[in-house]
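First the structure, then my questions, so here it is.
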Amino acid sequence: MAVINHRPDFYCNAFGSGEPALRIRHGDTVSTSTVDAHGYDGRMDAVAGRVNPVTGPFFVEGAEEGDTLAVRLDRLSPNRGSGWTRMSLAPNVVDPDFVPRLGERDYLEWAIDLSGWTATLNDPKASDLRLTLPLAPMLGCIGVAPEGGQIITTMTSGPYGGNMDYTGCREGATLCFPVFAKGALLYVGDGHAVQGDGEIIGTGLETSFDVQFTVSVLKAKSIRWPRGEDRFRIFTLGNARPLDQALQHATTEMFIRLNEDYGFDSLASSLLLGCAVKYEIGNVFDPAYTVACILPKDRLKRGK
Amino acid sequence: MAVINHRPDFYCNAFGSGEPALRIRHGDTVSTSTVDAHGYDGRMDAVAGRVNPVTGPFFVEGAEEGDTLAVRLDRLSPNRGSGWTRMSLAPNVVDPDFVPRLGERDYLEWAIDLSGWTATLNDPKASDLRLTLPLAPMLGCIGVAPEGGQIITTMTSGPYGGNMDYTGCREGATLCFPVFAKGALLYVGDGHAVQGDGEIIGTGLETSFDVQFTVSVLKAKSIRWPRGEDRFRIFTLGNARPLDQALQHATTEMFIRLNEDYGFDSLASSLLLGCAVKYEIGNVFDPAYTVACILPKDRLKRGK
Amino acid sequence: MAVINHRPDFYCNAFGSGEPALRIRHGDTVSTSTVDAHGYDGRMDAVAGRVNPVTGPFFVEGAEEGDTLAVRLDRLSPNRGSGWTRMSLAPNVVDPDFVPRLGERDYLEWAIDLSGWTATLNDPKASDLRLTLPLAPMLGCIGVAPEGGQIITTMTSGPYGGNMDYTGCREGATLCFPVFAKGALLYVGDGHAVQGDGEIIGTGLETSFDVQFTVSVLKAKSIRWPRGEDRFRIFTLGNARPLDQALQHATTEMFIRLNEDYGFDSLASSLLLGCAVKYEIGNVFDPAYTVACILPKDRLKRGK
Amino acid sequence: MAVINHRPDFYCNAFGSGEPALRIRHGDTVSTSTVDAHGYDGRMDAVAGRVNPVTGPFFVEGAEEGDTLAVRLDRLSPNRGSGWTRMSLAPNVVDPDFVPRLGERDYLEWAIDLSGWTATLNDPKASDLRLTLPLAPMLGCIGVAPEGGQIITTMTSGPYGGNMDYTGCREGATLCFPVFAKGALLYVGDGHAVQGDGEIIGTGLETSFDVQFTVSVLKAKSIRWPRGEDRFRIFTLGNARPLDQALQHATTEMFIRLNEDYGFDSLASSLLLGCAVKYEIGNVFDPAYTVACILPKDRLKRGK
């Protein structure tokens, strides 16, 4: 398999904006890079504007409204030795009367050790705190052009994907998006070297990434919300506020998926979900929150 | 260690109600049983009223308002060969316009195989559906008397615990509750042989249980929301609607816990949570929803 | 019409608690008094405990589960020359990141002029602020014993009414409550001399009241949520979080009411509500928020 | 005063899209027309695509990012003899388990009598229902280009205004919007001949309108959310889900406005709001809900 190397010469701050950065086809594999959420690349050059500049759009030949675009994340890795986080919980994830007790929300530097696969806090503002964590790279932003020709900031998300900050968008996972525009227009960016659920400090460990992915166009396959799978699980993603509504979107989409893709009727789907569903929170920080509805693949087999 | 055997002769349908069923002391281990959510015991006798009759209250000598009661779940097991679930997703977990497409919400019977540690759907209403799942027993209801002398139905939850339907309330876990009344008044019940996150069909696999637990009184240790831990994780539980608020309660309590119990300052707590927190949804069905805020214990060590 | 004079000798801090303070009958009119939210009466004597001590319960002969209790508020008036408010917005009614900019939440004294029917800020902590407002007395707390024998603090609300802080609970209005317990057990209290929508500083202008009301028992008339009416409007009240859910409860109850009480079918009810409904927010401060769904009476006539 | 007559020759389905339809200046008054939510104009010609086509954008010379655009609604009137509504409550405004009891959500025709200033149901699908309502014309959509070059569907709303469906957007009111783009780019449309709070059937009485408005540019006056006023009231508008968050936005903006525009400090603002605020719900149907935070003007005077 040939890999198409793409070196970005511009970035976008909205899903739906920008002329195609590259035209690709069903089955193509692309190797590219992303900058951090403040626009710094792997050499720490400021090459893009804030916030969350994304690489793309990739125009996928043949993808049309009503299709589904599948994107397998073949490789995700930080590509430099540093990253940054904020230093305090976001005000909206604690009790309102506790907000005044939160600390400053300034930024902190971290060292990223790609050989040891760890990140270590490395900032004079926190010189007495030793904190080392294993890397778990993921993409904060992945999605396509929104419906109806909309152009929507990379700070939020919707049916088209976007800034979902879901830890499941990691190497080995395949994400599927509804196609709303000719060519689908895929964007990727906002790599996090590691992140807890919910992105509750308002950032992951933000850094630039090398990203390799492979696209497939599923013709006349229509979905309403992003779906995905990895080796062990299938999942659907809902993006909305409050979390309750994001969960409703994700659960409804999974219910439909179980019928469409696995042939489960309403009863079987309900029982499987009722007894085996897992939920994960992508982010509880951006304008739209993200909830993943998850089923383990071994339950799908047993269920049949 | 002596185990106190308690055979219930009554059940309660509200937290805070009932004369003490048994007086116990700090360190005591109690072996008792619980009935299913409709009041049927291990012999399928209807011995209690709907909904969610709980065993107790256990009056813990010396526990006073402002203390914390710790309850280690030493053993949890279904004690009969059958259980039941509902047969459709609850209306509040799908998109509002999808509700009319949900099926009937009637009950279905399951066979429980305690030697094989599985449950198998076993109902003439669904004779063509084969579904077998491994058991994962948990308590849907566990808590103490609510604050201020309140008496609150076992259909909901609050700072005192209650009907949280959290899969983490399983064998080996220790749950801690704020003590609001003399003797704490502990209740347990609503055993689920297995349940997905969120209890989204409105039930787990409901059945009667044998339950063994050990209590400790933490004097002058004051908490605001239920906390817990198991071998690998610590967690805090928030109970409220919407999920956003439950998450705020749980996150705030974890933030405080990291300071109080582990000596982390605001910065260290924020970074740990930001990079390593996990959230799980207890239930998204009862009047108050439940969110667990979780940290892996190995992160607590690294963090120091 | 004879008026029964009732001088309270105790107060309750929970709906559902307390032995009957007085037994009354269908059609009886009672004149009584209420203390302020901190337990101070018309002579500024501290006669009850915090928070929101209520007068009652009034046991209404013949009221049984499944009936409806109607309470007409014949007269509501502050009965002393002073009251108090908090001095800052509550943290939960502003944007989370704005919370640190709110001021202290301490208390302020006001002078109440019953002849001029005004209240004037009168506190050394705010000596340079002149603020005079017309009185608009209302009851913050009104309700009956909750369902299933529950005892629930006067700090929140539910299907039984409670601490709804709805400005529509004013002189001339009639409130209806579902009866959940023998005798209904009516409580009144938490008078506010004036209050904006939502009780967004966490208090109204809190003071003690003289209250006169008349009860009716509607036998075999079953409602699910508090209903009411005054000269110009009918309304239903939903109590829950978030506001969306409170609004759902109130709207559903109004939809049912239009059918049951006015004979409108689903289409007529939908169109009337769609074109003429008004919503008001009772409180957006207590654990359960309150939304009123309102229709003007003249629309009900036109609709027929 | 000269009035600029503008006859639209195209319509937009997104805020931020389209070349300027007309360039106007500070102080200009424009007389134009809008089509109904399905694109039908005053002659019942289908001239625009669904949903919510809006007239504009009007490029206001001199308006720049960081300014405020004020739009006085000089005249609003339906301009044809018919309109339409949906025929059932929307699923999201009733209790989830009540949804299956709602009727069809089809459309119904109404006759509009401009001389009598009433609307009367006039549809064979509901021939036995007589329903006549007074007109109360309002604009469902009014706003400017969103921040950051976004293009956002006219089905939702945000800081830029949009599809707020607020009954307060009526003749005589002035609306103010933050300017995010050169020329502000004002759009108007989605006229409702009458509508209840919340647009809870998912439509107002939809029809085409004649609209006359006057613009002012407030240089270097920065606001965060739409503001407005009419003869008796000032208001701020928050757009978000759930209602709680929309209310937080509107309340925070009013709190800031009281300081900036009226010189009230934090204490005075809190007390005024606490004792005199009114809330109204614009819509509780679109992706973002709308809440208005309102103060009567006579309270502003007393407060000083």
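A, B, C and D label the chains in the order they appear, each numbered from 1.
The working rule: a contact is a pair of C-beta atoms (placed from the backbone, for glycine too) under 8 Å apart; a residue touches a chain by one contact, two chains touch by 3 or more.
All figures in this text were calculated on a predicted structure; none of them were measured in a lab.
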Partner chains that subunit A and subunit B have in common: C, D
Comparing the two chain pairs, does B-C have more C-beta contacts than B-D, or is it the other way round? B-C
Inter-chain centre distance, subunit C versus subunit D - centres from mean C-alpha coordinates, in Å: 32
So what's the Cα centroid distance for subunit B and subunit C, whole Å? 34
Between subunit B and subunit D, what is the separation of their C-alpha centroids in Å? 47
Multi-chain contact residues (two or more partners), subunit B: 92, 96, 241-242
For the protein chains shown, what form does their contact graph take: line, ring, star, complete or other? complete
Contacting residues of subunit A [partner subunit B, same complex]: 85-89, 92-96, 98, 101-103, 108, 121, 126, 129, 131-133, 194-201, 203-205, 241-244, 247-249, 251-252, 255, 266-281, 284, 289, 299, 302-303
Sort out for me which residues of subunit D touch subunit A in the complex. 13-14, 16-17, 147-153, 240-242, 245, 287
Complex contacts: residues of subunit A adjacent to subunit C: 90-92, 96-97, 99-100, 242
